[in-house]
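Each of the next two complexes has chain A plus one more chain, namely chain B in the first and chain C in the second.
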Partner chain A sequence: MTGRGGPLRHVLLSLADDELVLGHRDSEWTAFAPFIEEDVALASIAQDELSHAAVYLRLLAEAEPDAPEDERDPDRLTFLRGPEAFRNARLLERPNGDWAYTCVRHLAYDLFDDLRLKALARSGYRPLAEAVDRLAREERYHLVHGRTWLARLGEAEGEARERLALAVGAVMADAPGLFEESPEDELAVAAGIVPAGPAALAAPWAEAMRAELAPIGLADRVPPPETLVRDARGDGPKGPLGGRRGRHTDDLSALLSALGEVYRSDPRASW
Partner chain B sequence: MIPEPAGEGLVERVREALATVHDPEIPSVSIVDLGLVETVRADEAGRVEVELLPTFTGCPALDIIALEAERAVRATPGVRSAEVRFVLHPAWTTDRISPEGRRRLREFGIAPPAPSAARPAPDVACPFCGSKDTVVESAFGPTRCRSIYYCRACRNPFEKIKEV
Partner chain C sequence: MAQTEVERTEAEDPRLREFEARIERGEKIEADDWMPEEYRRQCLRLILTHANSEIMGALPEGEWITRAPTLHRKLAVLAKVQDEIGHAQLIYRVAEDLAQPYGKTREDFIEDLVAGRAKFHNVFSYPAPTWADVGVIAWLVDGAALVTQSSLLETSYGPYARILKRICAEEAIHLKHGEDIVLTLAGGTEAQRAMLQGALDRWWRPLLHFFGPPDEVSPNTARAMRWRIRLKSNEEMRQQFLSRYVPKIWGMGFTVPDPGLRRDEATGRWEYSDPDWDEFWRVVKGDGPLTAKRLALRRLSHEEGRWVREALARPKAAA
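Entry: the complex of A and B
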């Protein structure tokens, strides 16, 4: 369907890297979450996200059987790739911050991912269309988790309320990165790999996000779709964009260095 | 080498062998009763291919289940070679768990999932005392496929298979 480095690779790496990077952030809460059930919840969600990343990376390996090992082996792609080769949205590489930021970011991402998976069920690349049904069934529990926490944090007053409002503001500032278009997206649409580029998800996402934030009085923090797809701040160090084109912040470099530390100590070891 | 009839008979025997393989995290239920076995193919030469469906993609027991399944298939008379692999399509759902599987889950202390046709989801019965006075403690439990509940009647925590 496509040559190496083509649109299919871009689509699969965007999916895999979003899940991989956020899943790693989730795992950082292990032993630090507010209470033990949340330790288990975040560890479980991390396990889901990392295994979904593995599914996408295996699809890539199957699609490009002749690619060099460093470009197709899921372990090598995960542990040895440099940040410039990652295609995740910047929103997902930001450090965890506090619990409010963690919950709001996850919900914002899960709403986006839900829309993306629904669209991918119509992908003309059959192995991808078949896999997303399986993954969407698992992701549903992440949505419920995020919604429960948003409602719970939204009931609080005082410092909790202030932190929640700050978290919503910070997540909304980076949200345009989820809808960032790159040249490969046009090719992916033309090849039938995706029914539409990521920008097409901005309007339905903004509507879904407003619906979640309305009951706690924060719906007005969601940027209008036209701002989400045309962000003026761009891909400077503080801007939301660049991730889908491999332009990342130092936060991703630090994350990848921790993620691959053990693997790189002996890349030929068998686990 | 004892000649063995191939084809349908062999498929049947392989299925019986697979019924002896258990999820290591739910030792009372076979992978057949859990609905993990999607296809079994056998040819005249005794070459067998088995396709399994993962309950959750992140389940760490998948490799062990595949290994045990392969061992059971290889030990079946008439099998010359066996290949066991997990596939993602069709998606496993909790509706694939057999009535026997549900009974055995309950016996093991795990509440079975509600059938997807049951809407709204019925109250969850405690697998220990049968009371429906139960509350969900956390959607995420000790394994990817289970949630944690609490029974207010007999005051026991218990686990339940998540509906997917």
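Entry: the complex of A and C
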């Protein structure tokens, strides 16, 4: 069950890569947020996400002590893997866009992650069940941050309202990628690593997302669960799917080439 | 009222004598206390330059957050830049209190900054083209800043002195972070050592400029010293910096690009070649290598965030 390329690796890389890629996007805001307070807040959130990615990557290293260094060491996994080896949802690799998109995407992801972590607390793989307990507590603050901004922007009129509606539309279009199933998920369920595959989270997520958007009159933008798990646009270049199977957009390639720029200049050196 | 009239009136003001007596006794001046107009202006200029520098200082290092070469380094650079921006937040609050008679707020200060009307430290107008620059900035630029800020811990303006305590404590951590990057590169491959030497060469002149021209005897400075706004001269601070860091750089087997640099054993003073003070003044006037580009970047993000700030200022409920 813990063999390389197996279901545990898939589950851990999906978790790690979601956090790594979104944490990277968050870190891009540092010094460019609309308020100094938000520079500070997003830098904190980015540090949480990146630290969580490191936690999952260390779990992988511990689960596969005999794997080659490039497939086990957290830094090597972070800086040397090509996009085809990343398992994040495409939603998270999209560029930051404006502040509305950043806030809506974060909230959509944080609601998903909250459900995922609750499920993983029941994982049969004990090190994972124990780790998510602590991480879930830190993630809660991110939910509060996202909700606060949704309410603030939702109360405004004019440009803010228009941007918010556009952001919700863009995020909902990519949301199916969060629930994308891959062949390893069935194995992960069979092995007791996860209680259910990601598609099982679509219905509770849609309900939670509608509840967040209802006060600002945008609940109808949330796709029904059946669309979330069977999106017709699929994994073409503009589609929401493919991320969990290593099929990504050019946005991830660009992100990874910045991420690895220094490390790849000499992967054998100490940095 | 014209400035000279204000000053003439203040010179005869019995409150001025009491104010100076308080400073003489080592008392702190608080935001609500009476203070000469010139004291307020000088404190505000000093404090705003500091706040603006923390904001602009986030840019050269911020460029490397996305490219830092290990997860640990990425987190450390992110935390450091976050600290600097947090410092700006604290310092602007002190500045807002001081600027109350002028009716200026943080938004005004930032508007001034992005419009190129405000001063920030010269050092943040220079490029940081390699990862080694990130180490040298955190070690030596923050080291220079710590020399300056420590000298201000005893400043007579109480609110600034108090936040400087916290800022200096955090700067000391940044120094460790920078020193760690520098030592790792110094102990690394030939290419890494060459990268580090290149960064040291690049930053040397801006670092000498950091403390300002020597033997500055302008009436402003004399008064700033008498009122204990500032406590050390530019040259005293530069000497302190050189004593602290040059032996470390040499000890690591690296050089600084000044063949004339030496310590006079008899006087204990460092002698250095003229670091081109004309360049210093050009950068002060806004003509540094990246001054325009970095200000444009700040202006752009300020403009892109405007709709968010406006949305918060005018929610629907209040409309």
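Observations, loosely collected:
To be clear about the criterion, the second predicted complex is superposed on the first by the 269 of 271 C-alpha atoms of A that agree within 3 Å, B and C clash if a C-alpha of one lies under 4 Å from a C-alpha of the other, contacts with A are read in each partner's own complex, and residues count from 1 in each chain.
The rule is simple: a contact is a pair of C-beta atoms (placed from the backbone, for glycine too) under 8 Å apart; a residue touches a chain by one contact, two chains touch by 3 or more.
Note that this is a predicted model, so its numbers are computed, not measured.
On the shared subunit chain A, the superposed partners chain B and chain C are arranged side by side without overlap. By the touch criterion stated above, A:50 is placed in contact with chain B and with chain C alike. Once the two complexes are overlaid on the shared chain, A:253 sits clear of chain B and of chain C alike. In the superposed model, A:96 lies in contact with neither chain B nor chain C. Of the two partner chains placed by superposition, only chain B is touched by A:145; chain C is not.
Of the two partner chains placed by the overlay, only chain C lies in contact with A:79; chain B stays clear of it. By the document's definition of touching, both partners, chain B and chain C, reach A:37. In the superposed model, A:135 lies in contact with chain B only, and not with chain C. Contact with chain C, but none with chain B, is seen for A:28 once the two complexes are overlaid on the shared chain. Here chain B and chain C are compared by how many residues of chain A each touches, and C touches more.
By the document's definition of touching, neither partner reaches A:227: not chain B, not chain C.
The gap separating chain B from chain C at its narrowest, counted between C-alpha atoms of the superposed chains, is 6 angstrom. Touched by chain B in one complex and by chain C in the other are residues 37, 40, 43-44, 47, 50-51, 54 of chain A.
Touching chain A in their complex are the following residues of chain C: 55, 58-59, 62, 65-71, 73-75, 78-79, 81-82, 85-86, 88-89, 92, 106, 131, 184, 187-189, 191-192, 301, 304-312, 314-317, 319.
By the touch criterion given at the top, residues 24, 27-28, 30-37, 39-40, 43-44, 46-47, 50-51, 53-54, 74-75, 78-79, 98-99, 152-153, 155-160, 163, 258-259, 261-263, 265-266, 269-271 of chain A touch chain C in their complex. Of all residues in chain A, only 37, 40-41, 43-45, 47-48, 50-52, 54-55, 130-131, 133-135, 137-138, 140-141, 144-145 touch chain B in the complex they form.
Taken in their complex, chain B has these residues touching chain A: 54, 56-58, 60, 88-93, 137-142, 144, 148, 162, 164.
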